[in-house]
Amino acid sequence: MPDELINVLHQDGEQNGGTTVQRFWTGDYYNEGNGRDDIFDKLKEECGVFGVYGHPDAAALSYYGLHALQHRGEESAGICTSDRGEFHYHRGMGLVKEVFDQGRIESLPGDRSIGHVRYSTAGESKLANAQPLVFKYRGGDLAVATNGNIVNAPNLRRELEAQGSIFQTSSDTEVIAHLIARSPKDLVEAVKDAFGRLIGGYAFLILTNDRLIVASDPHGLRPLVMGRLGEGYIFASESCALETIGATYLRDVQPGELLVLDKDGLREDRFAQLERRAVCAMEYIYFARPDSDINAINLHSARKRMGRQLAIEAFTDADVVTGVPDSSISAAIGYAEQTGIPYELGLIKNKYTGRTFIQPSQELREKGVKMKLSAVRKVVEGKRVVMIDDSIVRGTTSLRIVNLLREAGALEVHVRITSPPFSNPCFYGIDTPDRRDLIAHSKTVEEIRQAINADSLYFLSQPGLIEAIGGHDGETDRGLCLGCFSNDYPTQTEFEDAKIGCGCD
Amino acid sequence: MPDELINVLHQDGEQNGGTTVQRFWTGDYYNEGNGRDDIFDKLKEECGVFGVYGHPDAAALSYYGLHALQHRGEESAGICTSDRGEFHYHRGMGLVKEVFDQGRIESLPGDRSIGHVRYSTAGESKLANAQPLVFKYRGGDLAVATNGNIVNAPNLRRELEAQGSIFQTSSDTEVIAHLIARSPKDLVEAVKDAFGRLIGGYAFLILTNDRLIVASDPHGLRPLVMGRLGEGYIFASESCALETIGATYLRDVQPGELLVLDKDGLREDRFAQLERRAVCAMEYIYFARPDSDINAINLHSARKRMGRQLAIEAFTDADVVTGVPDSSISAAIGYAEQTGIPYELGLIKNKYTGRTFIQPSQELREKGVKMKLSAVRKVVEGKRVVMIDDSIVRGTTSLRIVNLLREAGALEVHVRITSPPFSNPCFYGIDTPDRRDLIAHSKTVEEIRQAINADSLYFLSQPGLIEAIGGHDGETDRGLCLGCFSNDYPTQTEFEDAKIGCGCD
Amino acid sequence: MPDELINVLHQDGEQNGGTTVQRFWTGDYYNEGNGRDDIFDKLKEECGVFGVYGHPDAAALSYYGLHALQHRGEESAGICTSDRGEFHYHRGMGLVKEVFDQGRIESLPGDRSIGHVRYSTAGESKLANAQPLVFKYRGGDLAVATNGNIVNAPNLRRELEAQGSIFQTSSDTEVIAHLIARSPKDLVEAVKDAFGRLIGGYAFLILTNDRLIVASDPHGLRPLVMGRLGEGYIFASESCALETIGATYLRDVQPGELLVLDKDGLREDRFAQLERRAVCAMEYIYFARPDSDINAINLHSARKRMGRQLAIEAFTDADVVTGVPDSSISAAIGYAEQTGIPYELGLIKNKYTGRTFIQPSQELREKGVKMKLSAVRKVVEGKRVVMIDDSIVRGTTSLRIVNLLREAGALEVHVRITSPPFSNPCFYGIDTPDRRDLIAHSKTVEEIRQAINADSLYFLSQPGLIEAIGGHDGETDRGLCLGCFSNDYPTQTEFEDAKIGCGCD
Amino acid sequence: MPDELINVLHQDGEQNGGTTVQRFWTGDYYNEGNGRDDIFDKLKEECGVFGVYGHPDAAALSYYGLHALQHRGEESAGICTSDRGEFHYHRGMGLVKEVFDQGRIESLPGDRSIGHVRYSTAGESKLANAQPLVFKYRGGDLAVATNGNIVNAPNLRRELEAQGSIFQTSSDTEVIAHLIARSPKDLVEAVKDAFGRLIGGYAFLILTNDRLIVASDPHGLRPLVMGRLGEGYIFASESCALETIGATYLRDVQPGELLVLDKDGLREDRFAQLERRAVCAMEYIYFARPDSDINAINLHSARKRMGRQLAIEAFTDADVVTGVPDSSISAAIGYAEQTGIPYELGLIKNKYTGRTFIQPSQELREKGVKMKLSAVRKVVEGKRVVMIDDSIVRGTTSLRIVNLLREAGALEVHVRITSPPFSNPCFYGIDTPDRRDLIAHSKTVEEIRQAINADSLYFLSQPGLIEAIGGHDGETDRGLCLGCFSNDYPTQTEFEDAKIGCGCD
């Protein structure tokens, strides 16, 4: 990524006390510590979106739908409805159930809505960035909710500022509203033009006084499904949200597609040709809920197949198989079934831990006070343990978990990872650390094994992963974005055209 | 006011539940009921502003300064500081002491700041409108705090929207930020151009990363004073805020003046010629705190003189003089001193009443449960009472107070008002009801007397008011805005040029 | 007071974080700093009580009644109702309007209730001490609310503990509940026996499942009035609460009286002979609201008479008279009327200051940041000022106020106090500092004058005070408790019988 | 249970609005609906306790320890510490992480403490019942925390009330404090006498200014373990809390044991002979965390054995095995391993659901909006499903889950329960519905199968359960309390002696 994208400094005061955050858009990603998950050192999804058109309970459905997508963003939640030419919205910091109560939902009338959950980082946690963003423009009201990332947002922002635009947030999403408002064309054409200028991976929901517009980036990087409930249409980042509200799944929104819903019904349109479908592989491996389907593939089943594939590629004899909760339980059971080694609850997570939990002091931590994860002594003591996890980012978490198992008496700990080494940043909406902090960027597998104190370590092969995910027939490898493993990004051409480097030298 | 300004509909969702408010900018003013003050039916000031340049305790001084200006706005409060090229701010709903705590103040570093308190109405009470408003633009950060009203804001807003601007708030203040951001000139010239386009009455504080800009409208309608504390400059809506923080009063900011403070110190400039000074008379009569001075006239003293003048113009023999608390105590004492009739505490206000107070049900109210005001039986029973108040808006409150006195045994109630009949709306920042709801617009004094159930009623004459305020030597009547009494507005010419009617036919 | 009462240590954990407080019951009173009022160094009333029997809106009336009594206690508030054999109650920290909302009031059904507001001190501020206290005993439910102090409570408590009683609070009030529960007699007799054992000054409201019992100590030290609203009876610490709810005043509850209200109506009884009536003089001088009457004497009028009497006893020529708000405004007006010197607003209090207000740092305070009180420069500059206040406790506040006036340019400051020197502690419910900290205990008037930096100082004479209060015909001095001025306490005999010293050597 | 225990009415006002609850102590148990878990119709544990003696971080350790025990009580949490003769405590409604923050923990100094988490029911949810309860008595301060139930508490309470005791709560725990305070003996003897009077199942922690006393009922019904951390002793309801803080497990506290810790160290004593050990079987089946051990038996392993045993006793051919999350996952994996049928994620629980979650309206529920549990269509569609659960209480939840699976396309649903039919109430601290509402009390297995719409249903046999739990050698059935299955209660003799019926005719 070229210099112009580096060191873009975002200065933000905020509702909650004016914290200022420096966030770099490439190369030197700032590690935004998350009070909640730091020990787990996990990748974080950017967001989840949920839209309704034509159902009288739009706000209540959004509440349950966003609740089902809560794992995609725990920082803030918001719903905007449109009712007889007027917008009604509420946004707040926290979980869906914290932001909304009965009264709030009832104060949001209307049969169409868009909703959003946003991921959590301590540094940039602020109300001003909560979505949906709502604007007033020549055409009336405009609300926008998005999941993903626009790589060239800083360039577009500078261009708009040069023309006299003022911004309220540091959010990429505000850029699209300006592009639409400044276009002299009619709304749908303005939206298509605006999307044509974006480079990145995203799912967009746009609400106006009389329309709902839905779009997915030209490679379909971020998941987005369409369903039906009664007479209404439902859109959601994951199919589990359809299931939760009792809606019927229709289909996944296609790459480059633009759907317009208004009083004339649903109109299927495109703002870009489908060039290369590239669904984010990490959605399959880690992010999406196990009961969701992406492109008709169930996630729990795919993860069990990853576990089985790991057993095929790298069998080790052992006494017990355990998975790191919650994400790797499915894979661990797959591994156990494939090998006949019993699956046991070797690690347990305290389900009550959350944002407001007091972290133990360094001193207490050293004395043995556990965070939210514990090893179960009776299960692992004197045993050879196979520990399944989904990825290794910095390696710090893996080391801690291996050590937890050893302190609880495990004789051997064999680590099996359901993804290839994660060695490159994501540009499409997953919050990844700086490439230099990715342990797989600078270390060999053997070096990582030593760093995490494991007796053996194996990463699922890229072909094995593609096979396990399945369903991407023919050129399966081209149906997934594997950029974080392969350094081969689907928008490589656009990066070059825009003279934006991805650091992929 | 012409049609184009009538029926401008502001649709606002909001942070707190998406209440939608219709607010008309002329003719049909919407009566925004205020849970707190409805029984008093009082006029409401729009806001108070406070600025610091060059003092290390900028945020803490703002806290105490805004606290001293709290009576000018109880709805929301905010402070924005600038520190080494970064903005820090916090805004919230409620009183200064509710919005800020020690930690909040400490999280606002810097030696310059602007702060704001906003008036309270139930309908439009929303965080999004809390000031200072903060924007990002080509030149960096920009924060704006204002007191007053821009009459042609809707026109300017439509013009900007037509050029593709998007708005986040329904506030007039956002217009000025757009005008500044769109100007290709340097900041100070851009600001001067922007002010040149405004019609109205206002005091403005504008903070950028390296400057504080202060301005008062061309007629000086809203008060704004300048003081000094140590090396720093202080700006405040009223002088009581200077006194509170121990600052020395320097002078009132002059009509049309533009002050620029930066690393080169204070520069005195103008964006408009002073044509006709016109300070809001209601500031003298009611709004400003009695311990404030406006143009070197102390308010308590001026109000005592109004009371004395009333006694001269309309003496009535009586047993006791009482004032409606808190605003009319000074005038009541003046009346008592002039007449020799003893001043007594005939009415008392419960000082604990506030926003969260549960209003008595209609049933309990009818049974005699008092709101925040009570008559003191022992003081008024069997007495002829002179009751001093500052104004009559709709008349409903006056009726209730007269009746309270009668129920407590007053034999006669003679009402004396320290202002002429209030028969026209204000266009410069005071929240007035629709002209049709102003009792003095449609009724004679005798009809009003009957409507409020008084034994006699007298309004201070316009010359008497001017005399009592004093200090406006020579053409004193031209030194005050008396538009709400006289229907003669200082921006009459601009109204005509802009083809904006004031309804003053 | 003998040794056994000295150094009684109360250790209290609390709801709000387990603060531990040492409070001595005599001699060495602990100075419990109150964040709110420390600069004013004011005496604090212990509490206010409010009771309803036989009105369907018992809880709502209590809300408005307690609100009217809020000045008697700002720390906590509580209401307990009885409905068809069941108790319902709610208590909380804060003002009445903070503790109760619509839902809370609606959750308190029943036609009888007792309510309480408690005074505020930082040290002992805790939910556990909020009243009404509610207990379960052999006879069912029992709730108690009290205003005042039981001098021999520590002795009674020790006696009860020796018999195996356990206590939940450090409140005197819990003692009476134990005494009642342990008596084998029927309730009314048990209550009479229990009161017979108490030494002190108090007003008591006791609610059981079927009765309301009301009592005043044998000397009537604390005020308590009875009124009527519809079919119901109302009891309140001050008559202003009757006025607020529209109730008719019947009479003051008499010393030693015990009123029982049940399905048979009101029964008037006694638990003690009236020996010497002794109403607290400080209620007249400072505590009670100016619109209240005690024993048919209006407080505002009495205070005006105190001001007049001061002018008679100690006239000084001056330019303006001012009162320390809010308590001394009435007296200042009296002084002004008597002398013809104009009353002016020389001191002003910020009405928004309250518990959550951030106090200025020592540094800012030295730089001139004012707390809640300011002098009005325009009014006092170059003037000779007579400043009226109600009492001088430690002298620190008086010094600050005199200095405020001098800094604002007053040429001379003549202090006139509407009470005799306060040189002895109160044992009956007013929170006074240790005798050694009472400036009048150790210093002459001239020494005090120097200490507070006044040009002259005069304390109202004791006969002048009695005369100004008035209405206590015949042996008027015996109708008031003047112990804090005279060291002559109404329960002197009981002190001696119980071998309790009052330190009055 | 005899009449005298029936219809004991507890009238409680409360901190949070004075809700009144009727709770019957026998026969007709009142069904206290829990907003959180009603769809699951689950049994609820009464509480969890945690104690520290001799560790400088007592409060912080209690925080983490109680957090590990959070599943035993989500309603309220509290910690009381003792430091140099003074108590410090804090209690509140909500989860441990909600009740305590850093400041609260730091305000609790001392090296010894007791803590408590309390179960949640909507009806009786009140602060007054939060533990530890803290009292003042002759000997100083006394705090008590308990898990379990005292069957004869109402009798003891009446006896104490007859002697003049007053109560603050409706909690059984207050009875023991009275018994101790009324005893003339020294503390330890008084405690032993007091426990000697109790009938029931309980674990007790008692803190005084200088001692910690720990006791388990004579049959060891409720679990309680002892551990060591540095120089300190730790006590906890479950061993997972020891593991969480890094403490070493020493042993389970024995039935009838009384441990005294003071400056002389640990003294092991008894207040009762061990007659018949009877650990609650439901702790093994459902309540305790899978990573805890009770009497050295790991719960996850025991539950896997229950699943295996079910497969042995009642094998059915099927396509997938699934468990009802979270409690039955271990057993489902056991069943899968025993049979070779793959374990799949057929049911998924939304981990974010909690107290404040808005329940869907009946209408939305009927339209298909799911509560917190969903079936995974891709996993169960067209499959024969074995569904493992731990118990059936009323049957309503089982019916809903079976229907969820069917609606998601399951061809057959075979329900396997890891406990015998639950047909009798618990008297020892588990909140069970009225016997008439227990489906197994009135229906045969076949009738239950029909009621829950299952294709087949099997309950684990009592011998099979005992075998699966294991470790209770010799007379294993006498080492467990199986009263809820067998109607044979360990305190049968005491019931008869005290003429208390258990309804076990």
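Letters are used for the chains, namely A, B, C and D, taken in the order the chains are written, and counting of residues starts over at 1 for each.
Keep this in mind: a contact is a pair of C-beta atoms (placed from the backbone, for glycine too) under 8 Å apart; a residue touches a chain by one contact, two chains touch by 3 or more.
Predicted model, so just to flag it, every value in this text is computed and none were measured.
Trainee: If you check the contacts of subunit A and subunit D, which chains show up for both?
Mentor: Touching subunit A and subunit D alike: no chains returned.
Trainee: Can you check whether subunit C and subunit D touch via the same residue numbers (shared by over half) or via different ones?
Mentor: Answer same: the two copies use largely identical residue numbers here.
Trainee: Can you tell me which chain lies farthest from subunit B, using the average of the Cα atoms as each chain's centre?
Mentor: If we average the C-alpha coordinates per chain, D ends up farthest from subunit B.
Trainee: Between subunit C and subunit D, what distance separates the C-alpha centroids? Give it in angstrom.
Mentor: 49
Trainee: Indicate the whole-number Å distance between the mean C-alpha point of subunit B and the mean C-alpha point of subunit D.
Mentor: Using C-alpha averages as centres, the distance is 61 Å.
Trainee: How big is the gap, in whole Å, between where the Cα atoms of subunit B centre and where those of subunit C centre?
Mentor: Going by mean C-alpha positions, subunit B sits 38 Å from subunit C.
Trainee: What are the residues of subunit D that contact at least two other chains?
Mentor: Residue numbers touching two or more other chains: none in subunit D.
Trainee: Which stretch or stretches of subunit C touch subunit B in the complex?
Mentor: 57, 60-61, 63-64, 67-68, 70-71, 95-98, 100-102, 105, 229-230, 240, 243-247, 289-291, 293, 298, 300-301, 304, 326, 329-330, 333, 337, 342-345, 348, 350-354, 356-358, 360-361, 364, 367-370, 374, 376-379
Trainee: State the interface residues of subunit D toward subunit C in the complex, per the touch definition above.
Mentor: Those in contact with subunit C are residues 11-20, 80-81, 85-92, 103-104, 107-108, 127, 134-138, 141-142, 161-168, 170, 177-178, 181-183.
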